[in-house]
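Both complexes below contain chain A, partnered by chain B and then by chain C.
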Partner chain A sequence: MKKLQCVVVAALLVAGVLLQGQTVEGPIRIGFLVPLSGPYAQNGRDILNGFLLLLDEIGYRAGGREIQLLAEDTEGIPAVALTKARKLVESDGVHLMAGGLLSSTGYALAPYIDSMQIPMVYPVVSADDLTQRRGSKWIVRTGYTGSQPNHPFGDYAYHTLGYRTIATIALDYSFGWESVGGFQRTFEEAGGRVTQQMWTPVSVHDFAPYLAQISRNVDAVYALFLGRATLQFMRQYEEYGLKDRIPLIGAGTTTDEHALPFMGDEALGVITALHYSAALDSPANRAFVSAYRARYNKLASYYAESMYSGGKWVIAAIEALDGQVDDREVLLNALRAARLTDLPRGSVELDAYGNPIENVYVRRVDRVNGELQNTVIDTFPRVSQFWNYNPAEYLAQPLYAR
Partner chain B sequence: MTYLITQTLNGLFSAALLFLIASGLTLAFGVMRIVNIAHGSFYMLGVYVAYSVVLRTGSLLLGALAAIVVVGSLGFVMQRFFLRRFGSDPLAQMMMTMGFALLFRDGALMIWGGDAFTLQYPPGLSGSMEAGEVVFPLYRLFVIFVAGLVGVALWLVNEKTLIGARLRATVDDPEMASATGINVALLSGLVFAAGAGLAAFGGVMGGPILGGYAGIDFDLLPLAFVVVIVGGMGSLKGAVAGSVVVGMIDNFGKALVPELSYFTLFAPMVLVLAIRPRGLYGRA
Partner chain C sequence: MAEPDAALGGPRPPSNTESMSPRGWRLAIVLVLGLVFSAGPLLFSSYWVGLLTQMVILAILAMSLDILLGYTGLPSLGHAAFFGVAAYAVGVLATVHGAGFWTCVAGGLLVGTLLSAVLGLIVSHVRDVYFLMITLALGMVLWGLSFRWIPVTGGDNGISDIPTLAAHSGLPFAGPLALYYVTLLVFIACAGVMALIVKSPFGLTLRGIRENEGRMKSLGFNTWLHCYLSYVIAGAFASVAGVAWAYYNGFVSPTYLDLTASSELFLMVTLGGPATLVGPVLGATAIVLLKNVMSAYTARWLLVLGIVYIVTILVAPKGVWNLGPSGRSR
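Take a look at the complex of A and B:
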């Protein structure tokens, strides 16, 4: 018996040595942070699903090395996100990190990321200043800033939609302020006027007290909501007879595909702007949307696309370095230099501040084959976070706030 | 004037929904002294169960019945096999309901996913009513009406039936009630189940407007607690009064000073407690 044990141990040792010889480099470890429980769990899952779809497509290999995904649940709480980031960086030894959903988490992680000098990809976090006045060297944003799609959209509302007066109603936090701020700036510079502004606390679930106050004399209402709040708002906007009286426009999340399939006719005709639409008619997007639907039996939201594309970004950088990602500075430069031409949303490259220059799509909700979709009715090509402004002058002005 | 009428009706709608949730909460407290943190979960599970049934059968009525039965039974089991073990230890009971709330929250996430949804309107109630300048949704009027019916029914049961008499006796003095032959244990289970079913029904009634989503359980719970505390714990009359007060104040507060929405909600509670520590209709 003892002899047998010795043989087994010896065999294992030999096998271990042999195996080690085969994989000199070991896998590339990617730390991943999103909320997988709590109120934001589904957004987090959409983001994770986009990444998993991509990793499956490439067989978990890039640059000749295996890719290992270490996903952690932030619960949507900044302090938890920070703890999980520490674990990923200091005990798991990841090569880079990706993820994030809420601006609060995005800002909370930034100082830690900088202090550890670990490359971090933000596919969704859209807080303007992360790539502006409070930019971080180690954060690469592959998503957008809150104001980015709204700059062209304000212009569009005045010139193409012909609106002159608008009332805004938006969630009362940075994402709302930045989106509305960007819209208001270009809309008013074009000659329009925002005559009424309402901010709703994020805890509100019944918008009736606000809806009763909306002025009936405006040309349109601009709304920014997401998740359950956008379902509730759209429903209640129709309930109070406003839908037939005042056209509704808004930020991209208001009609994003994470909520759109759960809406009814109340969403029809609403016009919004974002850097993505699942109805975008390009080969890359059609392939992505149908693969996503086949795997998850769901319409791809912008959250899913964001991480699918953010993942492509990471993979492109790894490929460019032939898998030699151990020097963080080199990896960061590769991430910043990447330029992707065939993402579902189109062609994207980063500006000098680490934020994408990308198309902004104006979308209108239509019903096609029984399903609601964001039909693209206009495209602003290659929009930067600074729109047509000079970056230095833009940054000299304060951040959009309420 | 238009504005005032619309906002008053809005306030009444909030009150109606709150009453459906808070009446169960206050009854459970009256009979068992249980501070039920999982009460918001009953509301949430009500919407989710109804949603599943509506998806399969297309009938909101069936959905509502299923929600009441399923969640009511769940409440009964919870009281009978778990909460009763901690008979007279309110802290342990509260912690246990907290545990259940977390369990229900993660369970719902696992079963139904985290996507938000809304329920359909009952047939014929999707439009709005117009009287002069006032535009008010039909469905909200319907909810106010239904909550009124529920209130009257609860009052009748409580004041005019034998079971109501036993209930009032138990609220006043559980030990004496038990000594006179009232099966307090069974009564407690039934009251808890009825409260759970009422909250689930509230969830279905709110479903077409507020929908269901991860987190709705704890969104409405604080409001329901304010109602119960303002009205007086254990008092049905208090639940009515508390709902109207909180519904109105919450609504007008949000309309007039949205930045202070939590202040306008909790300030009246503090005020009431300062003057009447047991709430408007609470007993010493």
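Take a look at the complex of A and C:
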């Protein structure tokens, strides 16, 4: 027994010494950070799956060099994400990093990314200020800002859907505030009014107290949820008899494909806006969705698409440099200059702040061939994070908050 | 934890049944820990220096819980709250108010200690499982506050952009190595003071309360006051760790004081060996090491970690530090 303990201690020490002696040459190393355990594991898994699918398609090679993926689990905890980022950069010597899911992680990593001057791709983290008031040179966002799809959607809700008064109910954190804030701004500028706002804790288990409070006199309810919460909300919204009385609209995650297959008729007719839909009818998207289904046997969510496209972004930059990615400044510029036209979500380019200009799709949940899908019913082409506002004036105003 | 502490002069049964005596085992642990903590950073890469810094800070935190859990016998499941609140104080002072280094340090220590002084008034009346539950509840309240008091704490996003130690304190040496050795000095100072406390008559009284509070009362000791002070002392040292952690990570978030953090801390003390002070250091070191090494090799690292916990509890119910013939025969 004692000998065994000594051996274990010795082995751990030896492992420690060996682990730090890895060199930087050879393949292109991409560090990847998402939650693979904890409450956000499923979303994190989707993001990773999208990337793995892409890497498989290109045979783990780009620009004449082998691609090596080093995936680390952040557990959805910012401090853990930072520790793992330190490992990837300082111990594994990655050329660039990608990943992140929660805004809290995005903000926690930003100062470290800046201090280490390592190019970082955020495929999902949607906290507005990461490419606005607190922008970082080294962060390239290939996803969206929380308010980005909601600016056109507020306009759409007033002019096309014809709503005049709306109640909002959303998760009480920055993704919720920024989405609702963006929606409210354009909706009220068009002439509508948000008459009631409710915020639920992220850990919400029962929506009964909130649903009882919803005013019955509004034209529609705007909801923002994801994961387990959105399944629960949809079901209770119907159980409370609200579905037949007040139309439900919301942010893209509320009916996103990570949750949609687990919903029933209660989701039918819900209208949401996002920069992606798995039902998007383009050759690139059809190919992606069917390849994803063939490999993982499930519907591609926007999380999966985010890193499939984010991966394409990275690969495009590597190809543009013929694999010469060792100069981080050059790699960063290549990432910022990349312009992709054949992504599943459509054509995308970065603005001067490192955030994509991309289409926003208005989607309605329909049942097609027995399966629920987000049918695209309208498209706002080339939407910037600043919508139609002047960036300088936009940035002079405070961030959307409660 | 209801046995006299052998390391501090309690009766130790003769050990001749196995080749390695508990004394030899403990000497080996202290030597390895001492060697790794003192010379390790000079050999390892900066990532490992970062992990060592984590270990040292969490060791201070685990030792502070040990005063409460091991020596006084009060199982707290909300101890990470003081750690987190002190870190928040540093974050708010440094970023919102632009305060200087010493103001931030003093502010962090003061807020954490004052909080424990206030909460101590509530929790010192109860024992055992009631203590566990009330500290759990208070910990959750503080976590909720950090999450929902958005104007001050930034909610889920937390507070980032806390300046680095070197930039903020005007220390002439920057970089992870300097941060590590500063933290190590703080650790040694804290460990020294805590060792003095537990060896003092006050510390012996705490152990007396752990063993039999009724008897201590009948001897004329004010056991409520002793438990209260033990709680405040533990809170104060947890605040030291919180301040160090804020500078190490450069940001604060609600996860610092959630239940997972508190229970992981509880595990560090229990696995290492309660009422030993060295045990929690060992526990903190082992858990940080296991978490970070395991997760690099397998996606099922939580499973491995769980198995390690169970096996350790089975093989060494009194903690790894107490492993050995005497530890198991008692």
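The rule is short, and it goes like this: the second predicted complex is superposed on the first by the 377 of 402 C-alpha atoms of A that agree within 3 Å, B and C clash if a C-alpha of one lies under 4 Å from a C-alpha of the other, contacts with A are read in each partner's own complex, and residues count from 1 in each chain.
Here is the rule we use: contacts are C-beta pairs under 8 Å (C-beta built on N, C-alpha and C of every residue); 3 or more make two chains touch, one makes a residue touch a chain.
All of these numbers come straight from a predicted model, not from anything done at the bench.
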Which of chain B and chain C A:Tyr173 touches, first, second, both or neither: second
Chain B versus chain C as contact partner of A:Ala287, first or second or both or neither: neither
Partner chain(s) touched by A:Ile77 [first = chain B, second = chain C, both, neither]: second
Partner chain in contact with A:Ala337 - chain B first, chain C second, else both or neither: neither
Chain B versus chain C as contact partner of A:His205, first or second or both or neither: first
Touched partner set for A:Ser37, first chain B, second chain C, both or neither: both
Contacts of A:Ala352 with chain B and chain C, given as first, second, both or neither: neither
Residues of chain A contacting chain B in one complex and chain C in the other: 37, 172, 201
Touching residues (chain side chain A, partner chain C) in the complex: 1-2, 5-6, 9, 12-13, 15-17, 19-20, 36-37, 72-73, 77-79, 82-84, 86-87, 89-91, 102-104, 107-108, 110-112, 127, 172-174, 201-202, 401-402
Partner chain A, residues of chain C touching it in the complex: 18-20, 25, 28, 32, 36, 43-48, 50-51, 54, 147-148, 150, 155-158, 160-161, 249-251, 253, 255-256, 260, 289, 292-293, 295-296, 299, 301-302, 315, 323
Residue ranges of chain B in contact with chain A within the complex: 3, 6-7, 10, 13-14, 106, 109, 113-118, 120, 128, 130, 135-137, 139-140, 208-211, 213-216, 219-220, 251-252, 254-255, 258-259, 261
In the complex, chain A residues that touch chain B: 37-43, 45, 172, 198-201, 203-206, 208-210, 212-213, 227-228, 231-232, 235-236, 239-241, 258-259, 262, 264
